[in-house]
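In what follows, structures are represented as structure tokens.
First chain A sits with chain B, and in the next complex the same chain sits with chain C.
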Partner chain A sequence: MPFDIVSLLPDALVRHLPALVVVFPMLLAPITAVVPSWRVAWAIVLAGIVGSVICAFALVQVVYADGTLSYALGGWAPPLGIEFVVDKMNAPILLLVAIIGTLATIYALPTMVKEIPEEKRALFMSAFILCMAGLLGVAVTGDAFNLFVFLEISSISTYVLVAIGGMNDRRAFTAAFNYLIMGSIGATFYVIGVGFLYAATGTLNMTDLAARIPEVADSTTIHAGFAFIVVGLGLKLAMFPLHQWLPNAYAYSPNFVTVFLAATATKVAFYALVRLLFSVFSPALEFQQMTFTWVLAPLAAIAAITCSFQAVFQTDIKRMLAYSSVAQVGYMLLGLALATELGLSAGLFHLINHAMMKGALFMAVGGVALSLGSSQLRDFAGVARKAPWTMTAMAIAALSLVGVPLTAGFLSKVALFKAALVEGWWWVVVVLAMSSVLAVLYVGRILESTFFKTPGPTQMNVREAPIMLLLPLWVLALANIYFGIDASFITNLTDGAASIAFPGVRP
Partner chain B sequence: MNPDHHVILRVTGKFLIPIIVLFALYVQFHGELSPGGGFQAGVIIAVGVILYALIFGVVDAMKRIPPIFSRSLAAAGFFIYGSVGVWSLINGGNFLDYDFLVAEGPEGHWGQHIGIIIIEIGVLFAVAGSMLTIFYSFAGRAPEIDDEDW
Partner chain C sequence: MFKDPQLLLSVTNPGFIVIIAGILAYFVRHRIARGVVTIGGPLLGLLALAMHQAQGTPLASVEIMELTLVLYQVEKVAIVFGLAFLIAAVVNSIYALHTKDPLQDSMALIYAGAAIAATFCGDLMTVFIFWEVTAISSVFLILRSGSKEAYKASMRYLGVQILSGVLLLMGSAFIMGEFGSLEFSAFLTDGEGLKLGEDPGAIFLFIALGIKAAFPLMHNWLQDSYPKATHTGAVVLSAFTTKLAVYALLRFFPGEDSLIWIGAIMTVFPVFFAVIENDLRKVLAYSLNNQVGFMVCAIGIGTPLALNGAAAHAFCHIIYKGLLFMSMGAVMYRTGTTKATELGGLYRTMPFTAIFCLIGAASISAFPLFSGFVAKSLTMSAVGYEHMAVIWMMLLFASAGVLEHSGIKIPYFAFFGHDSGKRPKEAPFNMLLAMGIAAFFCIWLGFPMLGGVDFLYGLLPYQLEAQKYLDQDLWTTDHVLTQFQLLMFAAFAFIVLNRLKLYPPEKRGVVLDTDWVYRRPVYSSVVWLGAVWHRLGPAMTDSMQGVARRVYDRIEDTFSPKGQLSRGPLSSGIAIWTSIVLAIVMGLALIAGP
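Up next, the complex of A and B:
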């Protein structure tokens, strides 16, 4: 690892890092909720999230130096007590969520002023950091039921965050309500599935479950539990055709929330699915093999094509990008469905890259919408002349989304191609190529409108986004280029993650 | 509010509400030995206030227990719960390890005793505060369209 944070921290702190990374933001939530000034609330949230980033960096370092960390909450030893586990699989996810959270918080300051009434801003920050704590908790926990609790903490605060968009656009209320219903069904399905597993094995600890499931793997209870869990988490991660809540929730929530959700929420749910499929169940199980080949892979392929196709015809840029997100989730699921170490690594690689490019895209759209007051494609005509910095960053991220060489998106698509060809799944290559062509079309529509049209009277007042907004935007845009040239940092992390999912393949 | 209406309700209400809150405290502190605990007690306390709001009006109830107070109460409860965990962390144990709350030998279990009581108080605050906040935000919501405007 190119950095050394652990040596800077006291030993007592390092031992508690798995708990601290969640507890730190979580305890800040009640404080932010009662702080009278929203600027102070924002500063507290920023400090808390930077703390989480430091914890996450240190955790990555510790995990790569000393191997898997286990933390028994309340001193109750697992498998009876709740266990936090940090290994090579979830440490990168923690890092991703924490870093994106930091950038989103910086981005929040100028956009909040525009989009959220003053008396709600401190509470909004509180809901945001609670969501953050929930997502980190999902990533860090080693207990199947505890995962549900954290999933609900993050989801419920997400519904609030989406609904705040209703202050500007009333459609956010129906979007949030829709998301609430779908998300609750997803969480319920997940917990029903965990209930089945508990009935069959008598344990909730993931490591313990993994040890006990093979004995009873042929029972209907386990099969039903598996199905419930896959569908439940599928709803959360917007797996086609369970993605209906996503486009509206992304399109009508405040811009800052869209940035944060697009880059973290579905990613963490995807991680939860990977964790359940590979660390609790096993790809060696026959029914899981069949699910991969006959359910996940076809659905992912349909998503990659159908939703890219739908994205082409959207008139609202945020909705267009939201549909593109569902298609990209399809890419990741294809990597997962290959059920090989290479495939999973490629899927996770694309997950991290997608967080970077979608984060940047939504940030840029929000940056222009700040002075434009709309995210309709036709209102974006020629805005690149008014806001060149914002739109250039957007163009970089858009090219990365298409997968142009020298951008991060290219490398992860190549990784997916390779992984598919090794398995002989040539049709995956065809699907990805077709989806990429469609991506050229919808990204082309955005770029054509913003760069090549002449601005009309609607765009008179468009200005460059404020510096607080350009900073996180350009960090992400440059990251897209940097990791497009040298992605060894990310690929090391994702290879490590995949090696946890396939123990024994490599020592 | 017209003082002639609901005399019986208001008189019995005034008599009942203190008993409801007292019962909540019984449920809270007897929770170790019988069914009960912070969650149930919090709900019962909130019910007392909600009954007050139903009889005397939401506006009056909001004057006695302002929404900012109920919200802060919920936040405070959550914070108390979390700080117990942090306190045991500072004392060298794992997060929420009650054995480390007070300095005692390996045979002592006062930490467990104290820990659960403080945590249940946190739960009481959080639940009572959240229940009231939810009630206020539903009941205190002004209708956007008057019935006559339909």
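Up next, the complex of A and C:
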């Protein structure tokens, strides 16, 4: 760890860190909702999230120093009570969500003014921090049913966040509605799956489940539970072809929401899938191995190609980036489906990098959209001349998305390549290479339009984004470069995470 | 280290210096100051190259993601290519002094610098990085000519180049898997290249290089894009991309048998197209193909003599091909066209350009006393020593073809021939200066006693063989005379063909000397193939475009926002998909068991 946080915190606090990281934002949500001034609400949210960042940092440090941390909620001992577990696998996810949340909150200040009616802003912030609490909860919990609860907390507040976009663009209402239907299907499937597991094993605690499932692994109940859980979480993380809720939800929600969702929501769902597959079920199970080889890997490969093609043809930049996100989820799933420590580590590495680059890209698009009032590609002609700082940051993130050397995206792609080759899955390399070529095309379309076209009358009023917006944007853009040169910080974390999933390999 | 500029310079890849100069050039808006930067950059690079202190070991490297990037490593053979690249960069900068386009100046230098940097690095990852930089920067040289056609061509060009880079990366991945390292020293053990059949990644590398070197059937991007580049851009393009690929082939695949045939076919097939092509810059693009074919063939033979030949040929070729493109660029700049039918008789007002063009033409046709001769002879002799009769005949035919389309056709149709009535001004001074320098090299490198031949042969990777060849074989009467005979015949054939075009068919009864009768069928077939191609070519292009359009339409139909994948009410669609995936997963789980 770069600096020592734990020693700065009182001991009593350190003991309750796993709970605090979630409770902090959750308690702030109702307070924020009733605060009369939206600026104060914003400040409270920011303070709360910075608190979460500190907690997350401290947790990473504790986990790496003392190993896995278990916390019995309310003093009820597991397996009866709800257990929070923080280990090397979810500590990085907590950190990612908290940091992105902080940057997104800073970003929210200037964009809210433009996009959200004043009387709704405090409520909006409240919904946001609730969503945040839900995501952190999903990451931290060690109880399969509790995970469902947190998943629903985050999802329901997300529907609200997306629907607020309807103030500007009425299509956001249908997008939010569709998202609600599909998200509910996903959550329901998941809870059905958990129900099956409970029926077969009589427990909901993940550690307990992991211990008991091998005994009953040949029962149909377990198989059905497995299928429901994979599909339910697959829906949440936008696994092809269950991704159709995503493009519209990303495209029509307020820019701030898009930034936040793109960088966190699907990532946390991905983590949940990893957790369930590796810490509850096990890659040693025959049916899981089959699912990896015959369902997850092919679907991921199809996503990487198909959705990249779809991205190429989009006319709206936000939709284009949304389809690209689905394709990139395919990359991560390919890493996961390799079912090796190297592959999982590469997938998680790409997950973190993808959060950085997509976060920056959506921020930049939103930054220009502030003064442009549109996210259509043709309206972006030549905006780089009007807003050079915003667009340069976007270009950096875009190059990272393509995987240009000296950017973070390059390193995680190389890691994926390497993991696939070690397993001898050469076709994965081909898929990734083809998908990268397509990425060059759609990123090329954006860069060509923004940098090399001459601005017309539509772009007359485009201005540089405000400083509060440039700040988080450039933090992410520079992170893309910094971690493109020295990614040891991230790779250490993801290697640690993968070592939890494969405990036998490295004690 | 950084306190001592001399030491710093001695461990800096010359390519980096040129790239930095290129970036600077974009920001220097004063034209003369920019000239200083664009010419000074490569000159400083030359100085850096002259000061390198060790060969064959990494001079500068960095560690990234447990991957060692060897940023600077000088090899004997790399010097030949690097030096030629640096000279070309200086000459190109002089040639482009009159333009007012900082972006193009900058991109031309970055492109040159990346090619140089790739030549002087010691691992595949670094090669890949600069491989992609050359692709992206060079696109601007085509793009900046501004027409819609050029835009489309540049995008096609970019696609192909990126594809080549991706293949290179795939190949690298396999090599990483097999050797555990991407450094050349790990997988290129002394003189031994990769083996196509044995090393798993080799085939990807081979195709990647093949695309860049414009192997037959992978060559279309070259003729498609180079003639559409700006008048200065085409000059720059002609020097680097294909020669970088030749260099890489020389490093990775020396002695790879299939290259002999690929190279030989490469030398022959462009002849047919070049002879009938009307756009003189396109003729040069075809002839570029043909010339690279000689080098590829030599690499395939893989004997020390042949590899010397490939390197020497590349060195001279970069200069004289540049000179020819420069002369056509000057014509383009002054008249706005390079169509043979619209040109002719320009020697009256552009005498210097005409002379320089003739020198370039003499060099490319390998006239004795010009640079092409001393280089190409090595390859021809190497083929002869290996007793490859068919290959030798193919190369001989191609040599005659070179003279035909590059040696005679280019200067004849542009500067002589029928008078087009155009009276353009002589090219600007900077262009003449650049052409003059290149012309000087063409003569200096080829003329005995001036020291240029010894200089060139002194650079070659296999010293002993080069020296022996220079002392015993190069200037024998027999050798020189054979070459003259070949050239005279080809010149004669041109005159005959030219007359055949001018006169009705019954005049065909011109008697050829009996000595040369056996060659007549070959030239008749050229004419015949030409006629066939003339009809077939457009038809093929049409059908190709038709297919491409239909494929594109299908893709767009499927994937665009209005396309099939995006139709249907969303929520019911996803419900169906969810059930399908659920059914699959559950079915699998039931089948598989624990």
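The criterion applied here is as follows: the second predicted complex is superposed on the first by the 507 of 507 C-alpha atoms of A that agree within 3 Å, B and C clash if a C-alpha of one lies under 4 Å from a C-alpha of the other, contacts with A are read in each partner's own complex, and residues count from 1 in each chain.
Rule of thumb we're sticking to: a contact is a pair of C-beta atoms (placed from the backbone, for glycine too) under 8 Å apart; a residue touches a chain by one contact, two chains touch by 3 or more.
Worth saying up front: this structure is predicted, and the values here are computed from it rather than measured.
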Contacts of A:Ala487 with chain B and chain C, given as first, second, both or neither: second
Message: Under the stated touch criterion, which partner chain does A:Tyr71 make contact with: chain B (first), chain C (second), both, or neither?
response: first
Message: A:Val422 in the overlay: touching chain B, chain C, both, or neither? Say first, second, both or neither.
response: second
Message: Quick check for you: in the superposed arrangement, does A:Pro405 touch first (chain B), second (chain C), both or neither?
response: second
Task: Have a look at where A:Leu80 lands relative to chain B and chain C in the superposition and call it first, second, both or neither.
output: neither
Message: Applying the document's definition of touch, where does A:His16 land relative to chain B and chain C: first, second, both, or neither?
response: first
Field: First, second, both or neither for A:Leu471, with chain B first and chain C second
entry: neither
- request: Determine, under the contact definition given at the top, whether A:Val34 touches first (chain B), second (chain C), both, or neither.
  value: first
- request: Look at the residues of chain A and decide whether chain B or chain C touches more of them.
  value: C
Footprint overlap on chain A, comparing chain B with chain C: none
Statement: In the complex, chain A touches chain C at residues 177-178, 181-182, 185-186, 189, 214, 217-218, 220, 223-224, 226-228, 230-231, 234-235, 241-242, 244-245, 248, 285-287, 289-291, 294-295, 299, 306, 309-310, 312-316, 319, 404-405, 411, 414-415, 417-418, 421-422, 426, 429-430, 433-434, 436-437, 440-441, 444, 485-487, 491
Message: Taking the touch rule as given, give the residues of chain C at its contact with chain A in the complex, in rising order.
response: 64-65, 67, 125, 128-129, 132, 158-159, 162-163, 166-167, 169-170, 173-174, 176-177, 555-556, 558-561, 563, 565-566, 570-571, 573-575, 577-578, 581-582, 584-586, 588-594
Touching residues on chain A, where the partner in the complex is chain B: 12, 16, 19, 23, 26-27, 29-31, 33-34, 71-75
- prompt: How about chain B: which of its residues touch chain A in the complex?
  reply: 71-72, 74-76, 78-79, 82-83, 85-86, 89, 92-100
